[in-house]
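There are two complexes below, and they share chain A, which is joined by chain B in the first and by chain C in the second.
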Partner chain A sequence: MIHYVLRRLFLLLFVLFSLSVLTFSLSFLFPGDPLNNLSGYQEITVNQLAILERKYKIESDYFTQYIAFLRRVFSGDLGISFNSQAPVFEQVNRIFPATVELAVYSLLVSIIIGIPLGIISAYYHRRLPDTVILTTTLVGYSLPVFWWALLIIFTFSLHFGWFPSSGRIGLVYEVPHISGFILVDILRSDIIYKYEALKNALMHMALPTLVLTTYPTTVLIRYTRGSMLNVLETNYIKTARAKGLSPFQVLLHHGLRNALLPVIRLIGLQFSSLITLAMITEVIFSWPGVGRWLIESIYQRDYPAIQGGLLAIATFVIIVTITSDILYKWFNPVSRTQVDGKF
Partner chain B sequence: MLLLDIRNLTIELRSGGNSIKAVERVNLSIKEGEVHGLVGESGSGKSLIAKAIVGVLNQRWKVTADRMHWRGQDLFRLSRKKRRQILSNEIAMIYQEPSRCLDPTSTILEQLLESIPSDQLDGNLWDRKKQRQARAVALLHKVGIKDHDQCLQSYPHQLSEGYCQKIMIAMAVAKKPDLLIADEPTTALESTTRAQILRVLKGLNQLKNTSILLISHDLETLSDWTHTVSVLYCGQMVESGSTEQIFNRPHHPYTQALINSVPDFHMELAHKSRLFALEGSIPTLQHLPIGCRLGPRCPYAQRECVKTPTAHKDHNHSYSCHYPIDYSQEQR
Partner chain C sequence: MASFKTYYDEQNLSPMRQLWVLFKQRHPARIGLYLFLLLLVLAVLAPFISPYSPYAHDQTALLLPPAWSDEGKVEYMLGTDDLGRDILSRLMNGASLTFGLSIVSVLIAMAFGLVLGAFAGLSKGVKSSMLNHVLDLALSIPSLLIAIIIVAMLGPGLANTVWAIILSSLPRFVHTIRNAVHDELQKEYAIAYRLDGATMFQVLIHAILPNIFQSIIVVATMSVSNAILDIAALGFLRLGAQAPSAEWGAMVAESLDQLYSAPWTIALPGILIFLAVLSTNLVGDGLASALKRRLDK
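Right after this comes the complex of A and B.
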């Protein structure tokens, strides 16, 4: 197991290395002067030029430049944004938690709803509950997220007026920025209107989470159902039944564990598409996350910001994927003790 | 007293609009303490019969029978729950591929403990846990596994087929069943393990008086120690009777062919001559012949064979054939 984790970590390093090479090379591939793209200063005066050239080692070979780039990344210097002239790293740092928050809550909701529904669906295979669930998931699966989001806003926000349609929290509430996760921040702060603020933040969160969770939930339902059906057909389930265990015991002791193993892996794989969907959702709901920020930067050809956002999101997705891989291995005794080289 | 008494068991596979009778009007009865062999080629419906008895066939199969009595109780007339209770307490089954019948994600210990019924234990909760553990170890010893500690901590994929089969038997006998259905228990195993498994089964029968329904395609394993044998062909019961009757005086041409096809060192075969086998091969389920299903391959078939033969009964020996092999002239 240790060996496997080490191998995965090595893979992580390798992927991160390729990612850094890609990000670094972007400054040369983007139009404009590499020095501008790297530093973020659009108009460089003669005085600055000498300092910047020394800092970015622009005269030396690519390798030295790359090493300097890595040094800067580790010290948290990604240059400044073309538009705001503010440091990119700090911006990413401030808004990244908002995206993670949205994605994680959606994933949690989809796990809490998706897995039980998938199991119910498999349990009532080809009967009414199964058909209802399958049809619903097919609809949810095929809805384009932007259209679905607009539909939700029209219904719950404009027509009924139950939920706010944009932002993270009402403007009247002032929550100190500590971790960036708004619910955590509200709970940890000592403002007097804590519970009103919490309620307000949850109201803001409801619609984006609902929109974002639709796709992963439906995928999870279908996948859990399929996996459960496969497991229920296996001989060991029949043996367990013949042993005299009740259907519920069979499901709990033998069905669940085996059926959920591939689901762990799926969750890891789904995470990248979840982040992509989160970007669209953020734009529609004006959610101040890194996705919206990145899309705006792309519109404005803000190259240092694009680089920074890309680096942050990609690193996050890679780490999540590899963690889910390791978790899968951890929970699966068959592959846990398998010889190296097999998955 | 008859332990299991089945009359006219029919198992149909429903596919599309029509249904195929994979097993047609099979009779089977097992006495207490008896070892009953069920022989047939692969695809003849042996496993289906076993699964139908235990009730683990999935919904595609339709099982009907005139009667299926377990100790005088008709299993088909009981409620699902009651039936399951009887089946799980008194009938145990071991399957063909043992390693696939064990849950890959839980240890042997967990799976063994699960199959020990709590009414065999006494004392309070704390004692029970210890008792269960001790029972699990004893069960492993009973089936001939000596290094129990290592075995109990293992996952199924870490053990060999033979070990898995022994564990399956251990799990099956945990409930002290009256009938043990062994569905080709030795097919996947090499010959030493096969001998061990058969010895364990034989011991169970002789010491605990457990009845065994032994399903096999191998005549030799059956001829040694079964009391009665039934021969299946294509889902039809062709002949059944005591082992001696079947092996020494088979009345059905198929049984005779089966026995003749076992290679024997005493056979005086000419150099490079062919071994005995029936012409043709077992038909697929979609193309079953009408009447006697052996018809097209039978060396004695005549026009009448397109009608399904009824079972003739001669003491305990029954056979369904229009033109059975006649031994009366031979004796004269």
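Right after this comes the complex of A and C.
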């Protein structure tokens, strides 16, 4: 197991290294002067030039520049944005929790709905409930997320007017920014109308969460079903049935814990696709998260911001993926021996 | 009437034929295939059969609803958008952009993947293991994210989107083909070929490729449905196809202001994206399950 963890960590380092090289070289690949792209100052005065050249070591060879770049990344300096002239690192830090919050809630919802439905579907294999669930998931799986979001807005926000269609919380509420997770912030703050604010934030969250949860839920249902069916075909299940246990007991005591193991891994993998889908959802619902911010930076050719956003999102996705891989092996010794014995 | 078999005759069909026999037993998969073929024909013929040019404006017919509505006109079967462009023609031409381009880019990715995957499958040792781990990781990163990163680097545009789609669907092909080649090489028929004196290249072309082609097809179908969603999503985010283009995602983005006043301008392209993805998924699911049943037999 330690061997495996070390190897995964080595892979993590390798990928993060490639990612940093890529991000670094972006300043040279993007149009314009590398110094502008690295620092974010668009008009550099003569006085600044000397300071910036020393800071970014632009006269030295690429290797020295790259080391200087790494130093700056670790000290939390990603230059300033072309547009707002505010430090990129602080901006990313400030808005990243909003995206993670949306993704985590959607993931929770999809786990709560997806796993039971997958189990039901496997339990009634090839009978009516199974067919209905499978057809629904196929439809959910094929829906383009932006169109689905518009459909939801049209129905629940424009037509019925039940939920707000944009933003994170009503403008009348002023919630201090502590952790960046709005529900936590509201609960921890001591503003008046705390519960109204909470309710308002939940209303704003409902539609984006519903949109975002559709894809992972369908994937979870299909995956849980498949994994459950595989387990139900094994010999120990037949033994348990032959022992005289009812199908339900077998499902609960023997099937479930074995079938859910592969699902753990999938949940980790889903997180990265959730972050991607969240980018689109954020754009539609004007959710102030890192995805919308990155996409706006792409429109405005704000190179320091694009670099910072890419670095943040990619690092996050990679770390989550590798962590979930390690956790999966931790929980499931069988998979360890299968893949790990061979190098 | 079911055919009556007097004699037991052994069926020795080629792997692809066997797959087809099993595939067509499932009706949803067949319906998906017909829909897929229909869209394919549309994608090829669209410029010749669409009633108007997708860019032609008609100032006298702005925001006409579809023909079945009372205000609609039969000349514009599915209505017009805010610039008076015929939606039916735009949707037809969009088929060649969204659907056609995704198939083309997946085919290109498949060709690259074959070459790279075959090389990787033949190599051994630390190099190959390292490659496998990196591929594993690349696979777990969603293709749309890779595509957005590539578009962020290259700049918005449909051509860059196609590159992005090719690059982001490549890891899956390389991974599948590498593993398949690796597994088949261990089998006895491949060893027999090599003992007969065939070179590695001949083994690859004559022995291995026909046997792994079906799994490549399954992966390709799955990649097409991803590619459609990605091209449309990038078009919607205005990172892919740009404004006057009739790409379905870009059409939705362009009509965003009319979500309430003219819902059909958004609903119709969305339905087509949905149908394209659904049909591809049906075919993909059908192929995957047919493949599984064939191998189980």
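Rule of thumb we're sticking to: the second predicted complex is superposed on the first by the 335 of 343 C-alpha atoms of A that agree within 3 Å, B and C clash if a C-alpha of one lies under 4 Å from a C-alpha of the other, contacts with A are read in each partner's own complex, and residues count from 1 in each chain.
As a working rule, a residue touches a chain if its C-beta (ideal position, glycine included) is under 8 Å from a C-beta of that chain, and two chains touch if they have at least 3 such contacts.
Note that the structure is predicted; figures quoted are calculated from it, not measured.
With the two structures aligned on chain A, chain B fits next to chain C without clashing.
Counted by residues of chain A touched, the larger count belongs to C, out of chain B and chain C. In the superposed model, A:S272 lies in contact with chain C only, and not with chain B.
Applying the stated contact rule after C-alpha superposition, one finds that A:L26 touches chain C and leaves chain B untouched.
Taking the C-alpha centre of chain A as the apex, the lines running to the C-alpha centres of chain B and chain C meet at 70 degrees, rounded to a multiple of 10.
Once the two complexes are laid over each other on the shared chain, residue contacts for A:N258 go to chain B alone; chain C is not touched.
Of the two partner chains, chain B is the only one touched by A:P333; chain C is not.
Contacts of A:L158 after superposition: chain C is touched, whereas chain B is not reached. By the touch criterion defined above, A:A240 reaches chain B but does not reach chain C. When both complexes are overlaid on chain A, the residue A:S142 reaches chain C alone and has no touch with chain B.
When both complexes are overlaid on chain A, the residue A:L52 reaches neither chain B nor chain C.
Here's the short version: in the overlay, chain B gets within 6 Å of chain C at its closest Cα pair. Contact residues on chain A toward chain B in their complex (touch as defined above): 233-236, 238-245, 253-254, 257-258, 261, 331-334, 337. Contact residues of chain B toward chain A in the complex are 54, 56, 58, 84-85, 87-89, 92-93, 95, 97, 100-106, 110, 114-115, 117, 155, 157-158, 168, 171, 175. On the chain A side of its complex with chain C, the touching residues are 7, 11, 14-15, 26, 29-30, 138-139, 141-147, 150-151, 153-154, 158, 269, 272-273, 275-277, 279-280, 283, 294-295, 298-299, 301, 306, 310, 313-314, 317-318, 321-322, 343. On the chain C side of its complex with chain A, the touching residues are 126, 129, 133-134, 137, 140-142, 144-145, 148-149, 151-153, 155-156, 225, 229, 232-233, 236-239, 249, 252, 256, 259-260, 263, 266-267, 269-270, 273-274, 277-278, 281-282, 285.
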